[in-house]
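Each of the next two complexes has chain A plus one other chain: chain B in the first, chain C in the second.
Moving on, here comes the complex of A and B:
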């Protein structure tokens, strides 16, 4: 038996191909939206993977350091190091900001880490060029997504830093590339006031009789000195010793140090379940709307194509073609259109995904699910056209 | 003669009423008709006389209200359809030639003709062989691979005749087959129908009000106010 749908598609291939391309671009957008969500999830996982930590110690009753602000004293890591099962512990700060680079600026997450070798918690795991931070000040390791070059000087707040190393796929949960700088510099950058504000603060302190007592020389200087340093960090990243379960190490820290400790699984839940949950719902809504729009477009196209063949369908019915053959023809055309659209959409998404500023992860599983969804949409969209075709009266082929 | 009468198509007391009650219209009021194999008869009448209704009833497209129809040796209608599958009836026992050829635009000439036997369950190769034989007989085999849009009007009509004949139906219903054609081509189509009727022993009913071709029929059914009246035609020889 001849494939009526196939012959019709071959006969008017231009119409099908161009319609398929139009539909494909829409499918491409849909696949990309799914890829954006996958990218966000992957960014969150990469953030956790790259931190090199088994436990995140943060301020009590907070979801820090990524989902909520968290503030700890920078000497707390020493007591954590003494806890059973703790192998390494390192302070870390996170600050998302604009970093000046010549006349332009780049949005990045500035990570303050204790200079050390690879494997230390918080350190960039691997470098694609240059070296790790070895000095205590004014050196930076940047993700290549920042666009910074090795040896380039960048401005963070009022200080210039030299890029000494480049890393890859070190991003925040929001997809911003990371710039690693020494911890002390990061602590200063977090709370660095401008000169006028510092003068104002010192003046206010000096006029405060509680700090400027005539009988207590040196008190004012001590207070001003304490105001000019930042002893806070956002989290302590902990690696546990081999053979220890992270939860077993976390529990004593929670109990005895009165701090919040998250394991890798808990942190993943916070990032994916809370931090990007709203964005995921937003994307989910877009996907639903795009699916409806795609279905409406396929339905309209197939319906229009069917209306254009009413006379042929009447003739086919008159000469004895079964309803299921006619329905099959329309269904196959809808599926053909969907297949063309999916191929175009997949190719388009593959080509334009790397151009997106944030990571777009196109997973094969999503492609398979997308293909099945497109086919289901095409089947549903062809129902109206099939109904119309089956209602065609074969008598329409006979004049009069 | 008795055997011949058993073949072809016989209609007795065929009625068709549209609507109900006060608004009911009797389109056919007891039509009698008989066409033997190999015969081409004309069915003529003014607009609104019931030609198309009769054609649709004969073509099993609409159901008559009452009457009796026999196709070949098979009673197909006896106050109700006697065959459960009217599509199969149309596909296997009735050929259609339309005013316009209405070829399927996305199938080439061969497949337009071969589609019917394929729909009837015949193999592709057998269906195409049958189609090519008929195209040969109708002198359009040289356009076998052409698409309908590449054919002239006369060629398209010949292909549609081939399509009507391909399942060897006992009857062909031709609805104004010469309407869009000039005199020469119209007469050529009628000549072909006569040849095919004779060659394939098919009864052909040609609905027409084309004055050019009416003199070619040996027998004519006039339809007026839903009733037929048989007349002898001129049966003028083709030039």
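Moving on, here comes the complex of A and C:
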């Protein structure tokens, strides 16, 4: 026994399916927009996950190292290692820049990590190819999104680095792929001016009579040497010993070392609540409008589909079909249309999401919520259509 | 007829709906958090690794001879240019002697005068000596005459007194001669001192070598100790290498090394660790070592050029070995993900040394032949679903 709705759908199945697919693409766009928003938040979280730290020690009164610049001396980590509850502490630098490879360049976040043993804080976690950095200089582990390949030579400032490993989803909060290089190189890269600037700086120092006194040979060399060092880093990543609460470890460092320390929760607040807040709200606003527009379009489609069948409904009423049967038919059709739309939308979103330049995270939770929303909208839209259908005069079936 | 038409439409509808549903199930299970994580695995091997150390350094001359004046003065001439080879003893330049030459000339004159004084004194000695001889003879004669009673006592006394006077005169003349000799040697010494002073104003190459720097030009006033010309010995260049203290264990003198110069990328020169510096750099946390070339490169690298040095250590005893990409930290413990009977398990391990190709010794926690995860698309948890692949899908082949 086939239902009334089924028969009606079969009657014009092509129209039904194509309407569903069209609707589905619209739903797909909405799901993708939700995915873009989730992806932004996830980029921020993955940045924190990848650093492998429990605590971030940064310059006093800054929101560093991601949201604000922060600068610490590179021997601060030694005193932090001596604090109670600290298991590991490692220096790290972050610098977003263009990296040259051949003729093209890629925007990436250069992370300077201490090339210690595996599992040290700051080190890239899971690789997808190659190996971790083993040399103390001139090796790089790059994210696959940079487009670099194993064994390629890339240019950061004036030094060439060999790509020895590839990672996946190692991105900055802005979605730029990361490139990990040894800390000492990164300190140099962060500080090093171009050669012309260095030469000009030397010349400027040399003509300054205070630094180039005739009776003091060697003073100029000493001054120039002291101008070209960079004992700074951006943050110290700290792992706490098992059994210690991060906040309990952070407090003595704040108090006695007079440095700012953030725990994972605070860092998430900074990144999501401050750094990407405006961009996320922008996307969120767009998502809301898109959802409303989609809902309106779904409602209109179902309404016009019903209006298109108004004569048939009048005939049904004329032959004495009960109102419940007619309402059921419209509701079932609406739900069917919504279901097809959702399925098409989900599939479409899944297939086009990887093409986006930034990460699009399609969460199953979002999909479930989207499905429920689509169904609710279909029910609400069909209520409107049912009201119109039930009000129709059976005489219309005969009349004009 | 109507039924078959309905059936046909139904089939057509199903032909659209069913693939859509299948596709939905596929995308729900194959993408997003529910999808299994693709991983690659490797077998733990029992093998010996040869760790190596990697450091960078600069080419330095083993001996740098900074040649300059010992007193402040003005440079008169610098006769060599940077890059010229010089022989030991060769004149490199000269300081302005100011009045030194005139003083030497004055000393020359004084020397001649002193020689004349010596000659005069010698003549005086001769003269007084002749007088003395005559006086002696006279005294002896008058003694004999007195015995023969041909002369008076008084005359003899006068002759004896003459003898004493001439003896005293001779002594005085000899003393004069000594004084003249001393004066001569004083003046000679003075003159030699001046000539020496003059000589140190000449900048002489202490060894055969290469002029590496010419720090001042004629006319420049330099202070004592400031270098005018720097000479290096090109046969004795070495590399001052800095090794990160984190991975410096096993470094010792005599180990073979490979040196790659920044200007000659792709070419490596054999070398050897000469010594480990007893003083490490406490600021940069690096250990310093000197590495020498086994044979000096034909094209001499400029002093100060950057060089990469890889020092090979001796092979270690066989242990289970895994790639360093497989080592992860979870809940504060270092370990690897092992796959046994398709189930994932985190195995804490104790790691040993690493070689430069990224192979890590496993000292405890794994045995050879086990399978461990190397690459993974996402972070793994104990309940993660994984699918073992040859190569992760993102990796370009």
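Heads up, the rule we're going with is that the second predicted complex is superposed on the first by the 365 of 400 C-alpha atoms of A that agree within 3 Å, B and C clash if a C-alpha of one lies under 4 Å from a C-alpha of the other, contacts with A are read in each partner's own complex, and residues count from 1 in each chain.
Operating definition for what follows: a contact is a pair of C-beta atoms (placed from the backbone, for glycine too) under 8 Å apart; a residue touches a chain by one contact, two chains touch by 3 or more.
Note that the coordinates shown come from a computational prediction; the quantities given were computed from them, not determined experimentally.
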item	value
Touching partner for A:52 - first (chain B), second (chain C), both, neither	second
Touched partner set for A:357, first chain B, second chain C, both or neither	neither
Which superposed partner A:125 touches (first chain B, second chain C, both, neither)	second
Touching partner for A:10 - first (chain B), second (chain C), both, neither	both
A:151 touches, of chain B and chain C: first, second, both or neither?	neither
Touched partner set for A:102, first chain B, second chain C, both or neither	neither
Which superposed partner A:343 touches (first chain B, second chain C, both, neither)	second
Superposition-derived comparison: chain B or chain C, residues of chain A touched	C
Which superposed partner A:209 touches (first chain B, second chain C, both, neither)	neither
Chain B versus chain C as contact partner of A:166, first or second or both or neither	second
Residues of chain A at both interfaces, chain B in one complex, chain C in the other	2, 7, 10-11
Chain B partner contacts - residues on chain A that touch it in the complex	1-2, 4, 7-8, 10-12, 311-312, 315-322, 325, 393-395, 397-400
Contact set on chain A toward chain C in their complex	2, 7, 9-11, 13, 16-17, 49, 52, 75, 87, 114-119, 125-132, 134-138, 144, 149, 160, 164-166, 168-169, 184, 214-215, 217, 231, 239, 241-242, 340, 343-344, 346-347, 350-351, 353, 362-364, 367
Touch list for chain B against partner chain A, complex	51-53, 55-56, 59, 61-62, 87-92, 96, 98-99, 102, 104-107, 111, 114-116, 118-120, 124, 147, 163, 175-176
Residue numbers on chain C that touch chain A, as the complex places them	6, 9-10, 12-13, 16-17, 20-21, 23-24, 27-28, 31-34, 54-56, 221-223, 225-227, 243-244, 246-247, 265, 283-284, 308, 323-325, 327-329, 331-332, 334, 351, 354-358, 360, 374-380, 392, 394-396
